[in-house]
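In what comes next, chain A is part of two complexes: it sits with chain B in the first one and with chain C in the second one.
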Partner chain A sequence: MKRSKLGPWLAIAIGAIYFLVPLIGTFEFSLRMRRGEYSFDAYRIVLADPQFQATFTYSTCLALATIVVGVLLVVPTAYWIQLRLPRLRPVVEFITLLPLVIPAIVLVFGYLRIYNSSSPLPMTSSDRATDVLLTFGYVTLALPYMYRAVDNGLRAIDVRTLTEAAESLGASWPTILFRVIFPNVRTAVLSGAFLTFAIVIGEFTMASLLDRPAFGPYLQLIGANRAYEPSALAIIAFIVTWGCMGLIQVFGSGARLASDTR
Partner chain B sequence: MPVISAPRNGLDRMSWAWVGVVPFFAFALMFLILPTGFLMVGAFQDAGGHFTLANIWNLFQPSILSAYWISIEVSAVSAFGGAVIGFFLAYAGVLGGLPRWIRPALMTFSGVASNFAGVPLAFAFLATLGRAGLVTALLVKYLDFNLYSTGFNLLSFWGLALTYLYFQIPLMVLILTPALDGLKRDWREASAILGASAWQYWRYVALPVLWPSLLGTSLLLFANAFGAIATAYGLTGSSLNIVTILLYAQIRGDVLHDENLGYALALGMILITGLSNLAYIWLRGRSERWLR
Partner chain C sequence: MAFLEISDLRKSFGPLNVVQNFDLAVERGEFVSFLGPSGCGKTTTLRMVAGFEQPSAGAIRINGLEVTGLRPNQRNVGMVFQSYALFPNMTVAENVGFGLKVAKRPAAEIRARVEEMLELIKLPTLAGRYPYQLSGGQQQRVALARAIAIKPQVLLLDEPLSALDAKIRVSLREEIKTVQRELGITTIYVTHDQEEALSMSDRIVVMNEGRVEQIGTPFEVYNYPRTRFVASFVGTLNILRARVIDAARGQITIDDQAIVARRGIADAKPDEIRLVALRPEAVSLADPGGERNRMRGTIEDVSFLGSVMRIRVRFSDNAISLDTFNNPGLAPPQRGQEVTVGFAHEDVLVLEGAEAS
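And now, the complex of A and B:
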């Protein structure tokens, strides 16, 4: 069947314009700091800003902690559900989808009320404790993506046979989990990890309301007070996001993952 | 709670198997269910902890109602726009018969753009369509057209909806592409052999199969926009009265002067996103009947 390709080309062209123009506009704006000529001054100032370095490092550390906690929580659970408790699968899947239903701002509101300094578990009483709470909050936000990524990875391998083979060779549970299962779902875990990183690095709501010096609140602060630096920061943030998604593509089929996790 | 039924692996092994999921359920309880439950219960209590419906009743005051309403409108407009444009983009990428490289490029870019939300996205649109933005300036320079003289303002309802489209459209593309892949070639060929036009094929075959996905994904986009705050906050500060920004201000400084009213505000948000997600899940179940 021969059909006109004008419509599809038009759709792609309009889409491309809508998505590329803001990027071009932002980039152009970020170069305008020096009067009358283009320069990378805004980037130089941003990158040299100790606040930028501190908040970016903080958010990176938090993202890594989130990934570690998330993987340690999700992989054994998904493995165990697959192997022993398939009946619980709908319950667990439902719970992992809840963070898409409950807005982050509502979750953090609840944290502030339950874990305030006069509660039995005062997780907002010191900076370290709040960091832990924020990490757990981020694990919650990343749960839908991480769980779906890992679950897809586990479905692709024969968990039962691998486990029984390892058991019959005398492997202990930690050995099975860390030396048999983990290496087999490595690509899935990495996909989930990069997606988590992209979500956490610029997250604003939770960090701001828990009053921690993360990258998201810093971005907002700069946006409210400076002219050209925000554009430079937006470009940097876009490159980081692009990097994470690119790495997912490198390590596995990113498009499939992203569509399955929603 | 799950029903305990006849275990497959023998009683003694099964009876201890649940220990393996304790960490997960403990985590979900502590950081997902209890915090939300606390707010939901608090919405029905007064300051002294007694049961009351006053908080729910107080939600129906003009300033709060308008915040909900603006949020619903922005979310609906951006969800509808995202769904329509995203559908055409996904269609072009999957069924448009375009060169091979278009599809992976579209998917990769959608993956990036759907995650490029929040404060940086607000910056990007300010630099493009703000008063000093590139497009605004170019329009004045070359077409002598002042965008802002038409009443357009990026820091307004339509500006926010336009900005939200930047992550709504790619999300639609990502979710809808597998559904479009599920449209079988045979159906199209069969309808062509029976003499159906392209319009008739879409009207009587493709759209009836796709509509649960289309509608369901639109609802997901709606919930996605409804719970968003960082983009709006980065764009307009606290000048636009949407419900997430109102709740943010309430948490920061108790602007409603009533702690429990804040809980009710949160409860209302969960109800709205919860209902649209439930409808999404139901519709997805329907669409999966055909698209396997």
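And now, the complex of A and C:
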């Protein structure tokens, strides 16, 4: 018995060292700005930097826009696939997986080619238009995560019967979608939203090549020019991501608790 | 004119005919059951009335109005599903009031109607609960309240009791029937359970393989089945092969023992093989004497079912089951025992259609 438990613990220990040591190292380094003692100076400087605030706000706004567009695109799509076109499911699943296969750099070069300022649809000609283009790009990048989350949520409820029940009670399509389907996949939509948020906050390639003042390019800029602040930023970025994942857990387990009492 | 008219309804999925030539006229306030095994087309027919499936041909009229092309949300038809289908994100009261809210009724009216409905299904204290906090039986009662809250012209129930325990099934059956009678609502009830259909319905439509086998009152369908399918699906009928001797006088033989049937046999030729139905409860183990049929046979099996004892008697090719009441003062008959069974002439039912000999 003792021998059989040794293996798993060893694996966990190796994994923990692999992941935690660099993290602890980064954290420790970020505290060393003041010579000879630990301090949060690097964090203070970073958080006080107007650039940090501006880029973080910008990325947050874009993340929220991405979530809204993504949800409005994915929930009705997944709903219709489930309800009326189950045979298209493999096709749609394949399409939603494409952003994982095609690198962001390829996508963004495609965008620049199609939407440059001399094209019929010059999305890159003004900042606002580029923001819109960037949002759509983010929706694409987040598509695999959003679609999977929503699809799982829809599978957990009896979409067809709920739809028919609402229909026989006189409900129209928008009513069914917004009063019956959305509320019942809320936790799934939320986990998709948090994943999207985490992706958008850290995204570098698209924002950088479309030349928008997002958080990702800012991280890169600081990383190239400063010593201690990048470590502090890395830790902050981790905390944001972990916060999102923690929220997924909270809402996910909340939903599970509710279904357990059935 | 009937309140709900279904005429020449057909539905096919590709080459597969799921429902064929379905004709039915339901009177206002009538309770009609569709009874049949799974895959007989009863649910598909119901779903066409609800508007969830488009018929391949035929018409459905409710109260004189053609609804065949209307969407489900334009038909004012209440539907209760096997899986309850309550909205998980809404409380009981919100579920019941959903249809009225969608119809944009004033809040006060909705509140009053919801209260009235919860009173009707005897769950007035559960208004604030969520569906997952209710038992299956309670959920189905809420689903019923939700369906009738909108005052539908027709109430459709799709195997509403199939997911419930036997005890709750019986009590809820009575409750549904009471509510239906009180409101006088025209109802179609789909089930594969003959007991449910027999106990609740004004009329039963027995279906098999997309076709209507027989339409009649529970009494008619049970006592005078017209086809072999109805005879075997409704109740536990004995089906015997008989040879026609004299069609006009109803004389036949079963395993070479002479029997007289209920009445003259329609379109039968002498020596033709016909199927004969005989209810287990119509057969007695004692020699009846007088103007009755009697047959000699051997007891093949005896099963004790509590209040009743079911005894299987074999002649030569044919065998019948018969029921006798349990009598603690009497030893049960033994297997292999030679017996005479008796039954009235009226109980011998010759089914339609000749069989290959």
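In the analysis below, the second predicted complex is superposed on the first by the 249 of 262 C-alpha atoms of A that agree within 3 Å, B and C clash if a C-alpha of one lies under 4 Å from a C-alpha of the other, contacts with A are read in each partner's own complex, and residues count from 1 in each chain.
Keep this in mind: contacts are C-beta pairs under 8 Å (C-beta built on N, C-alpha and C of every residue); 3 or more make two chains touch, one makes a residue touch a chain.
Quick caveat: nothing in here was measured; it's all calculated off a predicted structure.
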item	value
Joint occupancy of chain A by chain B and chain C, clash or fit	fit
Contacts of A:Arg113 with chain B and chain C, given as first, second, both or neither	first
Which superposed partner A:Ser168 touches (first chain B, second chain C, both, neither)	second
First (chain B), second (chain C), both or neither touched by A:Pro183	second
Once both complexes are placed on the shared chain, angle at chain A toward chain B and chain C, C-alpha, multiple of 10 degrees	100
Touching partner for A:Ile95 - first (chain B), second (chain C), both, neither	first
Partner touching more residues of chain A, whether chain B or chain C	B
Which of chain B and chain C A:Asp127 touches, first, second, both or neither	neither
Partner chain in contact with A:Asp158 - chain B first, chain C second, else both or neither	second
Nearest-approach distance, in Å, of chain C Cα atoms to those of chain B in the combined model	5
Shared chain A contacts, counted only where both chain B and chain C touch the same residue	258-259, 262
Chain C - residues contacting chain A, complex	50-52, 71-79, 81, 83, 85-89, 98-99, 102-103, 132-133, 143, 146-147, 150, 156
Residue ranges of chain B in contact with chain A within the complex	1-3, 5, 9, 14, 17-18, 20-21, 23-25, 27-28, 30-36, 38-39, 42, 85, 88-89, 91-93, 95-98, 102, 104, 106-116, 118-129, 132-135, 165-166, 169-171, 174-175, 177-178, 188, 192, 198, 220, 223, 226-230, 233-234, 237, 244, 247-248, 251-252, 262, 266, 269-270, 273-274, 277
List of chain A residues in touch with chain B within their complex	1, 3, 5, 7-9, 11-12, 14-15, 18-19, 21-26, 28-30, 73-74, 76-77, 80-81, 84-85, 87-88, 91-92, 95, 97-114, 136-137, 139-140, 143, 195, 198-199, 202-205, 209, 216, 219-220, 223-224, 230-231, 233-234, 237-238, 241-242, 244-246, 248-249, 254-255, 258-259, 262
For the chain A and chain C complex, residues of the former touching the latter	157-158, 161-162, 164-172, 175, 179-180, 183-184, 186, 258-259, 261-262
